[in-house]
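Same chain, two partners: chain A is paired with chain B first, then with chain C.
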Partner chain A sequence: MKGQTNVLDRSRKREAFLMLLPSVLLLILVSIYPFIWMFRYVFYDYNGFVSYFVGMDNFKRGLKDQYFLNAVLHTFEYAFWKLIIVIPLALILGYILTWKMRGMRLFQGVYFMPTIISSAISGMIFYFIFSPFNGVLNGILRSINPSRPAVDWLGNSQIVMYSVVAVAIWGGFGNYITLMMSGFLGIPHDLYESARIDGANEATIFFRITLPMLGPVLKVVLTIAITTAFKDYEMILVLTQGGPNHRTDVMFSYIYQMAFGTAPGAPSQLGYAATLSLYAAVIVGIITVIFTRLTRNMDDIQ
Partner chain B sequence: MQGVLSFRGKVIRVIIYILLIFLAVVTIYPILYVILGSFKSNMELLLGGANIFPKQFILDNYIEAWEKANFSVYTRNSFIIATGVMFLSLLVSSMAGYVFARSHFKGKDALYNLFLIFMFINVGSIAIRPLFELAAKTHLDSSLTVIIIIATGMGQTTYIFLMTGNIKAIPTEIDEAARIDGCSFFSTFWRVILPIIKPAIATVAILSFRSGWNQYILPNVFTMTNPGLRPLTVGVVLLKSSGDGAAAWNIMFAGSAMSIIPIILVYIIFSKYFISGSTAGAVKG
Partner chain C sequence: MKKRTVKIISSMLALGLALGACSKGGDTKQTGTDASGSANNAGGEKKIVAWTNNRHDKEYMEDQVKKFNETNGENINLEYVIMTDDYVSTIQTAAAAGKAPDLLSMTATAGIDLKTFVDAGIVVPIGDALSDTYKEVNDVEHQKYEGLTSLGDDIYWVPTVIRSGTRLIYNKDLFDQVGVEVPKTVKESVEVAKKITEAGKGSFYGVVFPGASAPFERWLEGAASMSGIYPYDYVNGKFDFMEYKQVIEDARGFFTEDITFPGSTTLKIDEARAQFANGVIGFYGNASQEVGVLTEQFPAKFDWCAASNPTVDGEIKGALPMTLQGGWLVTKTADYDSAIKAIEFFGSEDHVKGYLERGYGLACSDYMDSKVDKSKIGKLAEFSKQDYESVYPLFPQVSPTGDNYRTTIWNLIANVDMNIEDGLKDLTNRYNEALDKEVKMGKIKRLVIKDYDPLHPSDGTFEYLSE
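After this line comes the complex of A and B, so read on.
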């Protein structure tokens, strides 16, 4: 009898192993193997055909590469503006949409809609909208004030970062509203009831009960929002290619162009791109760790 | 916000609705602009202006895109990639989720954490290069299969966690009963568990379909020398950079609309799963 269960157990183990195998193989292929590959080529000069060992040269070059350093700054700039707008907006709207008023589900559905569109196509849509001569945004501005000169939304280096951020907000805020809503809806209702009985007004309830109770969810949402903002680049790549004059280069768009040689006149520099990817991953990692440290007490609800 | 509202309450309510509607218009306008614009003539598109509605609805842009600009091929490829990623993601993540939820073996937690770690470590597009080299070496780079496999691998962790969470919520007595009835580990999963987790299956199906449909960087790298394998996203963006410029605005509009309309239809039908899916990965994980 005991022998039989052992045989059964063994066959169940084997089945479990086989069922897990595809996902483990995919993890090795798509995540672990490229990671190891990257650690090899950070020491090489590699154009896609031949590679030379160059030691630490790529690392040194990265620290002196003005375009990359600017791209790092731009990444922070982009993330800052995106977060400073998206988070309060999502917090307020998420709160309002949980009220029992007519049409709230519809509003949520509409706000969420841009998040289902490919970021590449979002870049295309706003390329049309921002077009200086025949774009609809200048069309609308002209119809309000015909004497107004056309604004070059994507060509003016003073404006372009805000144009890019606006697209990012449009494409992402619905997602954060939904996350915030699930947080608000998770707060036990009797807390509100007892506060009302104690005579607290709506504002007091929001700041004294709702916000602190939202802490753990807010932390998760912020973590997602921050890491996402630092990793965005597809839409930027399509909308501006990092231009004009590298003004909207963020880390990962610069790396993409370095790796795949899509910038005009620049060949692939895979070893250097691998090094910059490592730098970028470390920067995102450090940001995440700092954020987690800073917000440690958001998990404690008193 | 309940019962009889004071005058002040009503005013606040009206202001809130006005703000919500304004924001809804701003949100939906770009989408409508592209879809309606795809029915405008190229002349009208090049003149621009503030009018969102076409002077007259024409289908020429679609016909031209479909027949002359290869968009029939791009559309087919987008559908193949999206459905391929969907089925493969469902298969891989539901099986792995079941094992993580129900099986006990040494190193299970370590493996689970390995998945988690690599969800957070993101080295960006450089990771595509070694995969491309591998595909070229094994001569797999001339089919959509390899794009489907890689896209599935890149997205699988969220789905595995979602499945694990859902299966853990099912009482283990159900598995025990199936086992006593003579079901093997796999057939318990296949015949008993899968029918119970239909909502999770729907969520993963929707999310992975969308992710496959929206892939851009990956197929862009893999089809640089292979136009016949390009999906809509890659095809449309290439028109922008190809220097045809003004001549191709109508085709770019039609192509963008072709990429948006199917996914929006799916969204309108299954919006519940899209929205629940966006929180499932984040709050439970």
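After this line comes the complex of A and C, so read on.
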């Protein structure tokens, strides 16, 4: 009997190995190998053609680079606003969508739709919506109050960050709703029933049973949301290119500009960009570690 | 269990085959770009590949390529490939893999830094291989610009067309309607824009800037260089941006008065063009490529004109930069003789004449200028070469931290609460730091022209220093 399970184990292991193999290979090929390839250039001034050894210069330069430091602050600002809105929103909508009511599937579909649109495309769509001249959003505002001057959603440095965050929320919350919903649906029904028999009201049930039971899922959602928020940049590049005047420059949009040239014809600084990506990776890494430490007990469901 | 393993393996094989097929597909495509002479096949056909990032002349060029392939008499088959985006990085990647094409289309704005390409061993000189006819038609002797087209005695490419310097492009009907004259200075242009915007009451505006597509170089940079203000101090061999202060202060008027077309700070060039063609904008600036744009891409239905670029005080103290175009670089891996043959074709009188008469650019050489039928070029005549236009020597191409100078200066213009002097000091420092560092590491050389004349910038004696 024992021998049989061993054989079974071995063949299952082989199966697992084979199943994992393609994605591991792809990961090595398109993610780990380029990373190592790029990594050596952190010590070089490299324009894509010829590299010059500069030692630790890139690292020193990164610490003094006001543009990068500002971009780091903007990343935190962006992530803060995005997370503080998108998580509660996804939580509440996800909860409502689990109610058995007519039309819920339609809402599910509608909320999820932005997720399948590439962030570059949604950037383009919102670029037109936000346009100050003949833009949809300003058109709506004007129909409410015709004397109101058009708002420059992407050109006004006091507003632009919120405009960008709004697009990010629109593009991201459908994904989190789906994850939250699967969390809600995974909670055993008898818990609710016994709570109701004990006379608990809906609010008590939500805060005492649903939320704690959602712990592990919520943790996963938060981890994904945080790391994504810190890495977002495609939509920002399309919408504002980090502007106006770097107001929406986040770490990776600045790194992108350094790597591929700050303007048509500007020399690319791949070595320096590699160094900055390393800094950015460390920052995102630290945030993730702090977060996992803080939420360690979310996995335990009492 | 076994069955399942078999299933998995077979599906993996299928996946592998699919991937293999994909990469094979890529390979077959690559053979086209696998440029070297080895691409010659048994039939004696010599296959060469040319890359370009020019789209505006596609129709004419493709016809001409067909003609070249039919008439070259040496069985050369030229494949003409238009790269849509990231021209330079695509070349970078291809060259690193040893798969650069035979010919690279070259314009001074393509983003190709000649010295970098020569240092990296990607391109080779062509000067000695060119025929006398070619040299005469394209005035090779005078169309040689150190750092831009040649390094020392080696000529790497020859421009056959030029793009004019920038002009103020204005809606004449709107100017007449509001009753304003064409401005001569930056300050006046703010006043004109203000009058138009006020008269428009939200239905039309004085000026538009493509804030997201290089807004500074469309005409304000021209205003500076025509006033003798330039990023690089050729006499002393270092960067100096402090003189841009006046231009920035004057141009800020557009933003303090809030008279630009709404959303100018985030607009892309084609949107700005579309709005101008739509008749809701008084003026904007650009070079000769706008002729094609406003007649074909976004046809303007009103009377529009191109006037001289304004300056700071109305006087011309420096040259307005023109852009060299229509040349070809030959790569190291190329089938050299066939590549030269193609270059000769694209620099022939017939080809260049057709190109110029379709309004794609202006004549580079006096020879070609005399051959072009001016009645055919239409609006392009308004962009014809002026005495104050010239080609600047390429200053050292440094990689500073942060923004490049154009973005920085534009930000100082559009963000009225920023301190101009601090901004320019920081900009000057960033550029000079990069220059000193890169000269020291041997990446670039410091260019000094002791007898530099801002009205004739490329006439002086060039000195390249390694300190």
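By our rule, the second predicted complex is superposed on the first by the 272 of 302 C-alpha atoms of A that agree within 3 Å, B and C clash if a C-alpha of one lies under 4 Å from a C-alpha of the other, contacts with A are read in each partner's own complex, and residues count from 1 in each chain.
Note that contacts are C-beta pairs under 8 Å (C-beta built on N, C-alpha and C of every residue); 3 or more make two chains touch, one makes a residue touch a chain.
Since the model is a prediction, treat every value here as computed from it, not as a measurement.
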Touched partner set for A:Phe133, first chain B, second chain C, both or neither: both
Winner by number of chain A residues touched, once chain B and chain C are compared: B
Contacts of A:Gly155 with chain B and chain C, given as first, second, both or neither: second
First (chain B), second (chain C), both or neither touched by A:Ser119: first
Touched partner set for A:Gly243, first chain B, second chain C, both or neither: second
First, second, both or neither for A:Tyr52, with chain B first and chain C second: second
Touched partner set for A:Met19, first chain B, second chain C, both or neither: both
First, second, both or neither for A:Pro88, with chain B first and chain C second: neither
Set of chain A residues, in rising order, touched by both chain B and chain C: 11, 15, 18-19, 22, 127, 131, 133, 135, 241, 260
Complex interface listing, chain A residues touching chain B: 11-13, 15-16, 18-20, 22-24, 26-27, 29-35, 37-38, 93, 96, 99-101, 103, 107-121, 123-129, 131, 133-136, 138-140, 142-143, 170, 174-175, 178-179, 182-183, 217, 220-221, 224, 227, 231, 233-234, 237-238, 241, 251-252, 255-256, 259-260, 270, 273-274, 277-278, 280-281, 284-285, 288
In the complex, chain A residues that touch chain C: 8, 11, 14-15, 18-19, 21-22, 45, 47-50, 52, 54, 57, 61, 64-67, 127, 131-133, 135, 150, 152, 154-155, 157, 240-241, 243-246, 260-269, 272
Sites on chain C touched by chain A in the complex: 1, 4-5, 8-9, 12, 15, 86, 88-89, 92, 95-96, 109-111, 113, 116-117, 119-120, 122, 211-212, 214, 261-266, 275, 397-399, 401-404, 406-407, 411, 414-415, 418, 437-438, 441-443
Residues on chain B engaged by chain A in the complex (per definition of touch): 1-2, 13, 16-17, 20, 23-24, 26-28, 30-31, 33-34, 37, 45-52, 91-93, 95-96, 98-100, 103, 105, 111, 114-115, 118, 120-131, 134, 149-150, 152-154, 156-157, 160, 184-186, 189, 210, 213-217, 221, 224, 233-234, 236-237, 240-241, 249, 252-253, 256, 259-260, 263-264, 267, 271, 274-275, 278-279, 282-283
